[in-house]
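This is the structure I want to talk about, given as structure tokens.
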Amino acid sequence: SIHTTLFEDRVFGHEDWKRYRSASWRHRVEPVVFLRVAAGFVWQLVLVLVVSVCVGLLHTFVPSFDAWLEGLHLSTPFTMVTFALSLLLVFRTNSSYSRWWEGRIIWGQVVNFGRNYTRQALMWFPPERPDLRAAAVRWAAAAPRILLAHIREGASPLGEARGVLTEAELSWLAGWSNAPLGAGTALGQLVAAAGLAPQLQAELQKQVELYTNMAGGCERIFKTPIPPAYTRHTSRYLMLYVVTAPLLLWSSTGWATPVVAVVIAFLLLGVENIGVQVEEPFHVLPLYDICRALEANIRELEHSFAPPPSAPPPP
Amino acid sequence: SIHTTLFEDRVFGHEDWKRYRSASWRHRVEPVVFLRVAAGFVWQLVLVLVVSVCVGLLHTFVPSFDAWLEGLHLSTPFTMVTFALSLLLVFRTNSSYSRWWEGRIIWGQVVNFGRNYTRQALMWFPPERPDLRAAAVRWAAAAPRILLAHIREGASPLGEARGVLTEAELSWLAGWSNAPLGAGTALGQLVAAAGLAPQLQAELQKQVELYTNMAGGCERIFKTPIPPAYTRHTSRYLMLYVVTAPLLLWSSTGWATPVVAVVIAFLLLGVENIGVQVEEPFHVLPLYDICRALEANIRELEHSFAPPPSAPPPP
Amino acid sequence: SIHTTLFEDRVFGHEDWKRYRSASWRHRVEPVVFLRVAAGFVWQLVLVLVVSVCVGLLHTFVPSFDAWLEGLHLSTPFTMVTFALSLLLVFRTNSSYSRWWEGRIIWGQVVNFGRNYTRQALMWFPPERPDLRAAAVRWAAAAPRILLAHIREGASPLGEARGVLTEAELSWLAGWSNAPLGAGTALGQLVAAAGLAPQLQAELQKQVELYTNMAGGCERIFKTPIPPAYTRHTSRYLMLYVVTAPLLLWSSTGWATPVVAVVIAFLLLGVENIGVQVEEPFHVLPLYDICRALEANIRELEHSFAPPPSAPPPP
Amino acid sequence: SIHTTLFEDRVFGHEDWKRYRSASWRHRVEPVVFLRVAAGFVWQLVLVLVVSVCVGLLHTFVPSFDAWLEGLHLSTPFTMVTFALSLLLVFRTNSSYSRWWEGRIIWGQVVNFGRNYTRQALMWFPPERPDLRAAAVRWAAAAPRILLAHIREGASPLGEARGVLTEAELSWLAGWSNAPLGAGTALGQLVAAAGLAPQLQAELQKQVELYTNMAGGCERIFKTPIPPAYTRHTSRYLMLYVVTAPLLLWSSTGWATPVVAVVIAFLLLGVENIGVQVEEPFHVLPLYDICRALEANIRELEHSFAPPPSAPPPP
Amino acid sequence: SIHTTLFEDRVFGHEDWKRYRSASWRHRVEPVVFLRVAAGFVWQLVLVLVVSVCVGLLHTFVPSFDAWLEGLHLSTPFTMVTFALSLLLVFRTNSSYSRWWEGRIIWGQVVNFGRNYTRQALMWFPPERPDLRAAAVRWAAAAPRILLAHIREGASPLGEARGVLTEAELSWLAGWSNAPLGAGTALGQLVAAAGLAPQLQAELQKQVELYTNMAGGCERIFKTPIPPAYTRHTSRYLMLYVVTAPLLLWSSTGWATPVVAVVIAFLLLGVENIGVQVEEPFHVLPLYDICRALEANIRELEHSFAPPPSAPPPP
């Protein structure tokens, strides 16, 4: 959808950062992007515009309205309301951002899991069990994709894991309704089957536990939004604020009010809207890019895995 | 009660998020919900309304009151008070939300405990002890429900655990006055009885420790509110602020004051009220849904537990 | 003292939460509580009252003062000062609350320590050493009380531990000037004496380490207040603000100034005062209740400790 | 580039702190630094200046503009916008600083990794394998540099590791496209080759895991900026605010407006600009200094490593 | 220096807290302390005073200046600037306090290290190696002092460790340029020499790792200030604000301006100055007191170390 496209994060590189840090880029007006962002709450903006124009027309053609509005010093109630609205917007922004960043941290841990599990499995699994070694690599590459499918709409665990797991493994996985639970079981059973010293097995099982916990973390953020009572209270008062603002603005800015009111509404509704979009982080974070990069790492570990020249393999 | 219904959180899915992210939904006025929220502090709103009308009547019929109010430039004291009130509302909102989210994180850990304990028990408990394996699964499914009953009103540990534990286990559990303590003991004893390598036993006992710590975390949040001195100071000054606001507003908004004063009071009292409702998170979090989903996971682990095709069971 | 009584936290139950969530209770004016809170800074309030009355008298009887005050538009300097005062009050409130909550978290960990240490000791200590098992239970129950006495005025470690430890243990403990250090040593030595597998001993020693770290955490918070330079800067400017406020308020509120000034002073000094009271959390947290509840848990563990029906004791 | 030079952090010592704490130094105006900072957004400042002058000229020569501007009471819309802009600037500042400090913490952990890995390898690796001991020291010194090259532009892993690793190791490392992955593998394989007790091997492997996780942490911060929607919304409204400010200021400050408007713009754009510069912390943190200091530590450990006089080496 | 004396924190006891919680003490004006704090930025205050007087003289004797100043409505630009200044002051205060508190937490961990290392060494080191036991106690007592000397000006590691370590150990330590690195090595080697079970050795080595990490934490905070770009931006705009404030204040407060301007400047510069003073926490935290108290704990552990009556030493 347009919103997903607009808010989906990209993976940054050096060139992106350079452009981003250049003030000319940041402060540039981009009308197309502007319009696409506004598309998310175009009806709200139109409503503000219509109210502004109505206030203007009433003011011009209905002298009694003019007198009534003059008698109403609206700056007092607006001032009394501003601080509470400000607090609600700050709360919305900070909470959404924390959730988004926590989502990103969880996926950073998924990457760490993939690398550590693969490295330790290749290091400790006995060389005489190449089947187990290959299976560990396959499941380490598939597990993040299975988790992705678990929390992202339109993706299926089997679809994502196809091409990574074998057919037999795919049909085994199909037997699980909660696919990450199955992936965790497979990762754990492979380690249990490798016959490691209990201490080393425990270390590898901790990686499996990490994967399970990260799946739990994703579900926690996905299933529990910020208490909706806050969100509704914020959205409605914000709407009331921007819709009644033309009444206050008219005596100050006259026929510039329609423009001024829409600019103010776009600022405030925009802040709130970005907050709501990033509140569920998994539909905006670049999870596919993260999975692809991790899979490349795991493949590289598999193919390049060899002791460095200075460390002959232990006897 | 009406409040619990109103504030109880639901588990979100993809469809909920889509509706939630749509600006038209968020900014929609819902009079019924509005009225039900207002029901929580309807007397306060009525009081503000009555004060507003009284100020209007006095203003209209008692000229001396009018003169006295005109002489009183109330905007100065209101301005001096606003920043402190703002700080108290921010503090209330942030602290309550942190407690609510910490409660949710604790229950996320309970879910992690249930999955990890079950997986590791099924993986490591010797196959020749099917009794122990089945008991571990039963207790892993019962422990979260027992914790739920421990912190939620109207639920009893035995009632929640019935149907999960055997009759013998239920009567054993009935011997404990602090039921989560009993559940922790059972979970730990099962592991001790399985004759695992000390390293692996220690790993599983860490899961039991996690369960005990999460029970402690629930009790900590439940038994200790935000220092009541803050809550009272905030509530009373807020009340004073909204009740005296009509005196300030009258000279600005005249007979629109009753409406304006109630709208402002609803905004401010609403923010405070949501904060107080979510301060004790366990009566609003969807704990029954969480327990049900976890039990389904544990059942799935029990029934689907088998090594993946690529890992023959260790000899 | 009156302050301790006023600010000491209580342990909350379901009924407390219900009353607390009821808006009518929260917003109720309680004159007795009001007066007792005010007792903490009654001289400051009296000073504000006296200054207000003096300003009124000067204004009424000394025309030149009136002219001078009129010429002084004090709203400008007050506005310039407000944002800094606001930041200092926010800082004071947030920092004090964080310290208070960290203190509560530390005592939550002490509870976790007591439960885990007891459960693991009863589970792992050999049955043929009932003396060690009983001693572990005694020390687990005594250690939190000893820590309480270490950081709370008017309590002595020996007094708190009497009735829990044996006479011999009490006189052994009397040999320590830092009693929690002695308790940690006893807890550790008991574990070392039990002849456990190193892995299991290490797990139990981690509980002892947790106890030692929590004692360190209590000392850290107790011994180090928020940098006093901040506290003094805040308190003095706040005092200056509320004492000079009548000069600003007079031209706005006339003879209502004494009341208005005292109400404002009570709001601001009240926020600061609560912050200072909870900054040292251990004299307001309900530590005795926590210790009592933990001791009951430990006794229950001791008496009800038996494998659940499904887990016959390991051979 | 000029920006990197300007914002790159230096390592502080006692003398730096003394100068820094001296108020005369802090409050000193440094025109050269001032100009260099302004260079980052000079066009924005010029634009503000031009707009100010245009407003002045229009005001002076076009009476109708003057009347129009007088009729436009712009303070109302500016007040309504200020709180939202304030929130966006606070959000930008806090989020950027958190990312920067998290980046610094990650590199603090890299330093800890280097010291602990080296100390433990020298302590536990068998004396009869001097080749392994020397290789562990080499890789511990090279790994941070390889990570530095991975996230900093213009540095190559091989270039940074040259002179630390042997030629054979360099060509082995050249086989990896993700060099920190290779370094982690080498560090882990060396430990696996040393034939340690599983418990001690597990401890050392935890250090390798820490290195892998810190590499993941660097990538997480580097690849994921603050949601660009926030950054753009902030930058554009800030630009709109400072560019239209002269319209508001003119009626207050007349021909002082060009100076006043540029001073205000420099303040606001400066805050935003510093935030954007430190958002990607790795190009401003003194990573080369950190790596150099760590390498010196590792060399010192290698050369001075001997048991203290009181601890004869274990037999 | 005067600053260090003024800002150095003291260790608090019950009596200090009582005085501190008494409102009369907090709100008391202490002219001597006032003057000593002001000494830190006396030139800035003098400058504000001089500017105030100059504005007054110009106003009185130069009518054209008076007219020009009247025409300049400075409240508009001051209002536009206040929110950004406010944000910068809040940022400075919070970041400095966080660093200070993190420094305190690090030293709390150093205390925990000292107690745990000593207790575990005395518990696990074999009784037949009294030399190792005594050396472990000596190094545990010396290590915190060596770290103190590493980050505090004017203290040398050898000077601090003299009287704790033996002459042989001191000369061994003199061979290290980074003394905490040497202390960590000694602490680790003693454990390695004690011939413990690997599991127990690993636990003790974790304490050594903690010491190394805390040394790294101290260096991190010490070597990296808050990005100086923020500090300079804040300091300079704050200076500009307080120096130009008399121009704004004159029309409001007339010849009271010099006093009012200096009072405001002292408030704002004071907040900023305290923030800068506590930003490098190690020169204000009472580290010598902490080390002394820890050494007393370690000595007490050494002398009182004996199993409690109920736990005969393990055979």
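As written, the chain order gives the labels A, B, C, D and E, with residue 1 at the start of each chain.
As a convention for this text, a contact is a pair of C-beta atoms (placed from the backbone, for glycine too) under 8 Å apart; a residue touches a chain by one contact, two chains touch by 3 or more.
Note that the structure is predicted; figures quoted are calculated from it, not measured.
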Task: Interface numbering overlap (same over half, different under half) for chain D and chain E - done: different
Open item on the list: Roughly how far is chain A from chain E, centre to centre by C-alpha average, rounded to an integer in Å?
Closed with: 38
Task: Between chain A and chain B, centroid-to-centroid distance (C-alpha), Å - done: 23
- [ ] Spell out, as numbers or ranges, the residues of chain B touching 2 or more other chains.
- [x] 75, 83, 85-86, 90, 198-199, 202, 277
- [ ] Could you draw the chains as nodes, link the ones that touch, and say if you get a line, ring, star, complete or other?
- [x] ring
Task: Going round from chain A, first to chain B: chain order - done: A, B, C, E, D
Open item on the list: Residue numbers of chain B touching chain A in their complex, please.
Closed with: 6-7, 9, 11-14, 16-17, 20-21, 23-24, 26-27, 29-30, 33, 37, 75, 78, 82-83, 85-86, 89-90, 93-94, 97, 100, 104-105, 108-109, 111-112, 115-116, 119-120, 123-124, 197-200, 202-203, 245, 248-249, 251-254, 256, 260, 263-264, 267-268, 270-271, 274, 277-278, 284-286, 296-297, 300-301, 304-314
- [ ] Write out the stretch or stretches of chain C touching chain E in their complex.
- [x] 3, 40-41, 43-44, 71-77, 80-81, 83-88, 90-91, 95, 131-132, 134-135, 138-139, 153, 166, 168-169, 172-173, 175-178, 181-182, 184-186, 188-190, 192-195, 198-199, 201-202, 205-206, 208-209, 212-213, 216-217, 219-220, 222-233, 235-240, 269, 273, 276-277, 280, 283
